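Order of writing sets the chain letters: A, B, C and D. Residues in each chain are counted from 1.
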Amino acid sequence: MSEMPVFGAGIWHFATYKDRYATEGYGPPLGLLEQIDKAGAVGDLSVVDLNWPFADFDGNLDDVKAALERNQLRAVAITPEIYNRDYVKGSITNPDPAVRAQALKLLNEATELAKELGCDYVKLWFGQDGWDYPFQVDYHDIWKLAVDGLRELVGAHPEIKFVIEYKPREPRNKIIFPNAARTLIAIQQVGLENLGILLDFGHSIYGLETPADAAQLCIDAGRLFAIDVNDNFRGWDDDMVVGSVHLVETIEFFYTLRKNNWDGVWQLDQFPFREDSVEAAKAAIRFLKALHGALDALDEQALREAQASHDALAAQRLVQDVLLSSMARMTESQDVNA
Amino acid sequence: MSEMPVFGAGIWHFATYKDRYATEGYGPPLGLLEQIDKAGAVGDLSVVDLNWPFADFDGNLDDVKAALERNQLRAVAITPEIYNRDYVKGSITNPDPAVRAQALKLLNEATELAKELGCDYVKLWFGQDGWDYPFQVDYHDIWKLAVDGLRELVGAHPEIKFVIEYKPREPRNKIIFPNAARTLIAIQQVGLENLGILLDFGHSIYGLETPADAAQLCIDAGRLFAIDVNDNFRGWDDDMVVGSVHLVETIEFFYTLRKNNWDGVWQLDQFPFREDSVEAAKAAIRFLKALHGALDALDEQALREAQASHDALAAQRLVQDVLLSSMARMTESQDVNA
Amino acid sequence: MSEMPVFGAGIWHFATYKDRYATEGYGPPLGLLEQIDKAGAVGDLSVVDLNWPFADFDGNLDDVKAALERNQLRAVAITPEIYNRDYVKGSITNPDPAVRAQALKLLNEATELAKELGCDYVKLWFGQDGWDYPFQVDYHDIWKLAVDGLRELVGAHPEIKFVIEYKPREPRNKIIFPNAARTLIAIQQVGLENLGILLDFGHSIYGLETPADAAQLCIDAGRLFAIDVNDNFRGWDDDMVVGSVHLVETIEFFYTLRKNNWDGVWQLDQFPFREDSVEAAKAAIRFLKALHGALDALDEQALREAQASHDALAAQRLVQDVLLSSMARMTESQDVNA
Amino acid sequence: MSEMPVFGAGIWHFATYKDRYATEGYGPPLGLLEQIDKAGAVGDLSVVDLNWPFADFDGNLDDVKAALERNQLRAVAITPEIYNRDYVKGSITNPDPAVRAQALKLLNEATELAKELGCDYVKLWFGQDGWDYPFQVDYHDIWKLAVDGLRELVGAHPEIKFVIEYKPREPRNKIIFPNAARTLIAIQQVGLENLGILLDFGHSIYGLETPADAAQLCIDAGRLFAIDVNDNFRGWDDDMVVGSVHLVETIEFFYTLRKNNWDGVWQLDQFPFREDSVEAAKAAIRFLKALHGALDALDEQALREAQASHDALAAQRLVQDVLLSSMARMTESQDVNA
């Protein structure tokens, strides 16, 4: 069996959540250190993505470092919270120049923290940058603000990578970076080497993309810097446990990464609103390990031949052979190892 | 011009909101009395739907009554909060009998309050009753819990009406009452005269229904007890201002109500996350008044003839004639009245 | 291993197709007898559903019977073509009484054929009954035509079953029987015992239903007379090969049938536009056999316990255990049998 | 009132249609010359887009020229039929090199015809280039074929423009050019000045874009060469009459074109399956003229101010003022002119 990938998770996977109905939260609030301990309890996670400012936390950075260390975790990324109350009408595209400046200040702070923690990248998720109503914005102007803001931020920190996590919508009805192609155009206009894409499988699938195709596009552009996985019912960003619904497209996504020798972190972006967060991460990783084994067993040569003639039935048969034996394979392999 | 309808709103229209990202809220919290004063400030609202327990409020009922009175508002309904932290895995369908009992207790309390306030109905919105994952529930069992729970509640209060507000999803990935037909089947199985439907235009349109058709179905069953209006982009319950997107289907919905002599409240269920809530209500009512005038001007006889032969082009022409002159008509009429 | 189900297919699975672009067809036309021979070539099919009038066929009924016999096939159903040029504005809901009469004549003819062939049921698919534009029809009137037409047809033939195959849309933008609940209401209003539902998995999943839940609803009403399976991307009736996309929901659907001791035909309604139709059927049945074996292996008691507490993670784990070993299991079993 | 735009239509607007159910067609076939006469009968059309090979036509080019002339029509474009039986698995991306060569031959022929007829552009619609199933194609390879094929074709004809009409899906489940951004990336990789985009409003809206935003993106890239308009229910390319559903987004789309001084043809791409095609075109143009008048009346300065602060309510109010008086305005203006 080939070497296992590095598994990671957004630290928010281990938080409790609010929404517009359960405004008191789906459970009691959990502080950052508790969240890190939960991440550690999963057992297979090596890295986490941390929000800045630290959520529900009044300790200091050393406490965070210690918590990471005792759980054998590394901070792979910082995700600055540019989607909170101050930014509900946008961060770098906010109509108010003062808010844009404030957003940039926060983004720069977060970048410094990322460097300090030795992160691989700063993650930019512009969930509040966009529009809700027809006629609300001038599309030319808002796009220019986005590209200019990115250039200012990313250009100031050539020593670290930045990724844009695109998403079709939520919380804004329309987000300014909704899909891979549109985001690549922005990246091109920014014109800096350290700006790439984080492709979230769920965002891709509910945004009408084929995730494997979107990944290939980003890879061919040299911009697939990171990925997140989860699942949904194709109509919304449900952030369900990986492998709950779209098994075939999930394995196709990871097949495409492997085929291109992409070797980044397999990272979870799940929101287990009503589930135990540690168990939800374990369930995801159990499935991902089975899938990894399936890829080891896949007859890649035969698949390449089927694809050369666009033979859907032959391709699906090859994939079913390995996917639908993947759990049996893992069980055997564990028995052997036990 | 025919008499104007009674306008109403859910009191939450005037609250500030949270979501899973802006967890601190889209603005500072507003207490219930402030919300009522905002409802009063709209000027055209006659009734409001109140949540129970009262949101962000530690005053007493007399304070609420006084606030309503000073704003010339009446409580048309009580909406019990059976979708908060205690009920995230369901209220009357919760797997835990203790939680089901607690939900019924809350529902009974809310019903007593509704009677005390002289409301027209208690609104039941089962947003947390459903499922998120394939295989999570036994569909037979959960449906039985829903029907039995409804029968117990509604049967205990024959002197007041109850309405189920159906919705396809959110916050659960799948809600147990997702559309009009399914809800009518439940109502039939409950078998009580005081249980009906609140049809939310937005829920209907993003649930793949034709709202006017769903309204007709409920009316023919004698169960259209109330309506809510708002708008969205057909993929989610965006709760935008009425008339933002689906003008034609909105006028068709109100045409169908008028044709059936349905004379209930025209009630707003909008969530103006980033807008001034009073202005958002005013914008909605301005559009609804224009639409009301358009219906007065509509050549109903000609429309009926077009529909008798399913002549879409003739029907649309008649509707465009009045809809696309509706604002001009209103302006003239106001000039005359001024 | 439990006994295999009876497999079937709509005979159109083996036709060639047209659409609005490839108006000359996706391949040369195939006559009915050739289609039947292809169905026979699949090897695992026992029954077929035949259109009436017979497509591209000028032979006689004896030819058809002989073709069925030589392929060891039985006609399980007749599907009358009430969606051709004569019926593009509806069959039993057509605004023109003469067309409604013509539709009923065709339906009665088809029913006589079904009896003659010893079919289990006549399948009613009202693809052209509905509307395309807002304001095109009077929803009360069109619904009444549908219910009255059904009552007239079904009441005239108490000795054979009829099924309505509901579908959200296509070819009409909105079809009058779009989902299970709405169709059950019609069936109830018709008030006859020999009218039930054919639940098409693909129609259900792209109509926002949970197919297993829709099946349970129909079963509890005593009206699940037949099923069709296929797959799609949730936005349209793509009629792809079973098991291409929605593996988990497909196994959940069949689990629900088994749990209720539903023992009808597992029938394919696929449109292999660009694939070899015999191979497409074989691919589907191969997957369905694996799934059938997975259900044999499923720990139903443990699943029932997980569902009793709505424990999604435990339920999914149990299902992954059997689904993701299903192909290995089948391979072993075949090795043993070989 | 500002000068009216030039109106056009795809000639297929005046054909009769087939689909996978009504395989004999929604009406008797109409020859090309009859279609041109119908286009002429609309009265407001100045240009048409013609398919090549000419549909249902065995006359010669002079007949076509004569028919155009007697109806005062000009051929604005040629749309080669690279989506017929020969190309069901793709044209320039077909896995078979011989089919790719055949497609290029047809495309070159069509281009020569376009030059001969003095067309503005050749329209490329790659409806069969894409995939249906997960794992069916190698995304890198199919994309390369598309870009290389485009470069070969477009590079050979520098004296005429080519446009790609993107579309999310249909007839393929996934089309290789699904949205504006992805298509712009292809155009960039092709690297030729005479290749641009035809933006179809309906494709844009059901592909999750904001059509006005997509138009702005294409304009800013200097690539918005043509547009088509129609309407749908956001889930499919229903090709309904303009103005049936999405009035606000339609006026926003044309506002954006006007704001950028884009002065191309306002072209109809409607499929009136069950409607009179001449009447359907008239209905669309009637609405478009009203909309044109609304844009004349719009307070652009005030709108720009509202947009500068992302004030959705103010912007919508300004638009409703002119849109919902547009038909009254047109009636007055016609009275004056009469």
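Some notes on this structure:
Just so it is clear, a residue touches a chain if its C-beta (ideal position, glycine included) is under 8 Å from a C-beta of that chain, and two chains touch if they have at least 3 such contacts.
If you're wondering where the values come from, they're calculated on a predicted model, not measured in any experiment.
Shared contacts of subunit C and subunit D, meaning chains that touch the two of them, come down to A, B. Contacts with subunit B and subunit D are shared by A, C. Between subunit A and subunit C the centroid-to-centroid distance comes to 39 Å (mean Cα coordinates, whole Å). If you average the CA atoms of subunit A and of subunit D, the two centres end up 36 Å from each other.
Counting partners per residue, subunit C has 89, 132-134, 233, 235, 241, 244-245, 248-249, 274, 312, 316 as the residues that reach two or more other chains. Listing the residues of subunit D that touch subunit B in their complex gives 208, 233-235, 241, 243-249, 274-276, 279-280, 283, 286-287, 290, 312-313, 316-317, 320-321, 323-329, 331.
Residue ranges of subunit D in contact with subunit A, taken from their complex: 89-90, 95-96, 131-141, 143, 168, 174, 178-179, 181-182, 184-185, 207-210, 212-213, 216-217, 220, 248-249, 252, 255-256, 303-304, 306-312, 315-316, 318-319. Considering their complex, residues 17-27, 83-85, 88-89, 127-128, 132-134, 169-171, 173, 233, 235-236, 238, 240-241, 244-245, 271, 273-274 of subunit A touch subunit B.
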